[in-house]
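Chain lettering (A, B, C and D) follows the sequence in which the chains are written, and residue indices restart at 1 in each chain.
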């Protein structure tokens, strides 16, 4: 399917403020960026680099005054997500080198604290995809998805204690549970068509059967329409903007995702 | 200044043909991609990766039949190129690790064959920027810039023997001469406003005074309006398309660069 | 100075167990590995790779039975660590791309929770080296260094609550405090001559004045004799061994560091 | 099998001379470095980095006067090299991203000039391993292996014209022929047990059937005993030392490889 995405962000800056933005989606097998806009007002110099996860990041210093970011894209993405019940667990020694990092605990995914719980959740299941699907199903049933319920990211331990959270928080718990049973898992931030209420979205991927598969505990069932903007170990790595002191807050933030009726 | 670029390419494919394209310019301190289009007809799956030089490359298999690529962009680029007469030669031991590769000979830049000639060309000059400027001036005066004169890339040895060549060929000789005196040099492929005749363009950069500077022996004088698409050791690394056997040839290729009168 | 290091580790393995080891120190400007031994008994196949932080990591599967690792090295390292009171804070926009990751919170360094505390600790000081030195001094005075007091890594929040910890724990708090005031900081694991009691050691580095400087809150004063084995965001990244389920524990672990009287 | 290798190199330096050395073999699935020595006389500061091919490189400035490098290692390497007649050609679109670079022409491997010749050499063979084996057999039969016959590397075009060369030269021609039929190929520099006369050695690897296989046109048949020091596109990338002007020449160079009778 074809999607038109739009993300606008505006700040009222008091002192020149360094930013690292992550707002340029990459083309890949899952999605093709056919048109993209990325405009800054005022037009400040930007340096772009590729981070350790392959994300394109933009560095700039926002000057004092009004500062606005406008991005829009026209993207072809999959109508249906791949699922593969039965896809096997990959023994650690056969994982690609670059995937090993996604087994480690990270800021918001304290995988080292979830060994017992994760093992119980997947008892009796075929190691691999089915275990992750069980974790996803458990999250869907047990942790309430409550958009707007947290301003700052909650860690897996925190969201497990609180039993509710935003998409990002649920993803953290899902990731921590996967890693606790030695399944590599990573966070994805991006867009989802027909998300209610519309906003940026977050979900997770798990590496089983020799590739990454998408999981999303916030949705009743997996459907197409996902657009990835950034990948990382958890929310610390994939903030769409990271800003350095003193703190500034968006005075406007707007996300739109429209379906383009055209057939490829 | 703001530029609108367009590059169209069309093939008539007989058997499914793997391609690696390098047609997505990166944003950086020198240029900002405010809008970009990249369309394929028909719409085939594309996998994008970042190569060792930081270029975004697109992998695909073109199916039999008509295959067309359309790219366009709206780009802010520098009005004037930085020049820095007197910028010093950087001793090898102080070069960044990643720059060392640009001292080695490469397919079309046989730096190992130009030690004597390069040394003569720069006799008496302050090591660094002034040496590269002298090499550029010598190329401008001695090697005829003849657009359309070669179909395949000429190496530095070949273009030095022939005494004429296309932009790419002159860049090869410039790069080989710089490396021969231990100045890192690399090739750039991209667009240049008001190029006559309009086409893709190639030039080179040399690393002196702690950064890369642009040099272009094909132009009477350095002006702004450059847009980089790809960086590499020489033309082997920065082909805008690399295609694997059997050979196919473009049935159409069109480049446009328009100046946008807007003042930033 | 010249040091002879030795690290021995033995396990009694019940089922074949995948390991990732980080036991091969890298040569660098700070240390030169003149001789190195790395022996496994039994001799199993090992695949070595370089992780995102530049560490050499060894992957293997330990077979059931006795499994022993022996490493030893002869290393030249600095007699005195560089200190640079007054070295300035580097504005975010001037940090190298690869350093930015060391500003983010990580598993054991919840930098996002220490803004107020860190700001208070460094009030009135010149931004940069002096702030880090003040954090180090505060740790030395306020958090008890208690070798053997924790089996698993404590996070910065935990060690700050508990007010004591092992070297690794103190480093976590130091790193979190630095990052909270936008100074990049990273963890180092390695050896230290004359450490009491002798063991592996951990300390931290902060990026000020355009380079990394060493800080160690466990020692009364900074002296030479440090050998780095691994660098990372925190203890999650620089475990000398990471082992995948079911858990196995070393039946023997021995560290030796001897001073070689030779004068270079 | 276990090998003891030794490589000594001595220079008489007149002015301080920057060097990049590549003399530290990496451990991998094919070889395990159980003991290693790397000594410089005098002891100058060395900075080590990992290049784009994964090689460990050492940067230093040799001072005026006698300068000596001594390396030695104890290495376990394969008794027999893997061969896999019939291993299939991997279609370009299925090659890993990082392998694509080994399809491009390079300084000493002008793959773009060998399309017709390579196609003729492999006519009628199953694409893949068998084609590379045919190229290796042709080199063995047609290009004379003449140790000591060239001081500087010969390119594939040059060695094909001359019909003889050192190990490095034969490898260049083998690599160019493989790439000309879209089989990725790369150069390896290292040691070979029982080489006559003993010296550093060079051979090539080709990527077929989903992995790299070793080929060596200088030996009557493939046997074990190979130790890789460096990988690259061709000799330009894998010089064991690269030195920057003015030229210095080794006054002593010595290679030893001894078989250790121990059974693993």
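Operating definition for what follows: a residue touches a chain if its C-beta (ideal position, glycine included) is under 8 Å from a C-beta of that chain, and two chains touch if they have at least 3 such contacts.
All values derive from a computational prediction rather than experimental measurement.
Looking at the partners of chain A and chain C together, they share no chain. The chains that touch chain C as well as chain D do not exist here; no chain meets both. Compared with chain A, the chain whose C-alpha mean position is the greatest distance off is D.
Separation between the centroids of chain B and chain C, computed from CA atoms only, is 43 Å. Centre-to-centre spacing of chain B and chain D amounts to 30 Å, using the average Cα coordinate of each chain. Between the CA-based centres of chain A and chain B the separation comes to 36 Å, rounded to the whole angstrom. Listed for chain C are no residues, as none touches two or more other chains. Taken as a graph of touching chains, this assembly is arranged as a ring, one closed cycle with exactly two partners per chain.
Per the contact rule defined earlier, chains pair up in contact as A-B, A-C, B-D, C-D.
By the touch rule above, chain C contacts chain A in their complex via residues 18, 20, 49, 51-52, 57, 59-61, 91-93, 97, 100-101, 103-107, 109-110, 112, 115, 152, 181-182, 236-237, 242, 244-245. Interface of chain D with chain C (complex): residues 24, 26-29, 32-39, 43, 45-48, 50, 54, 58, 76, 264.
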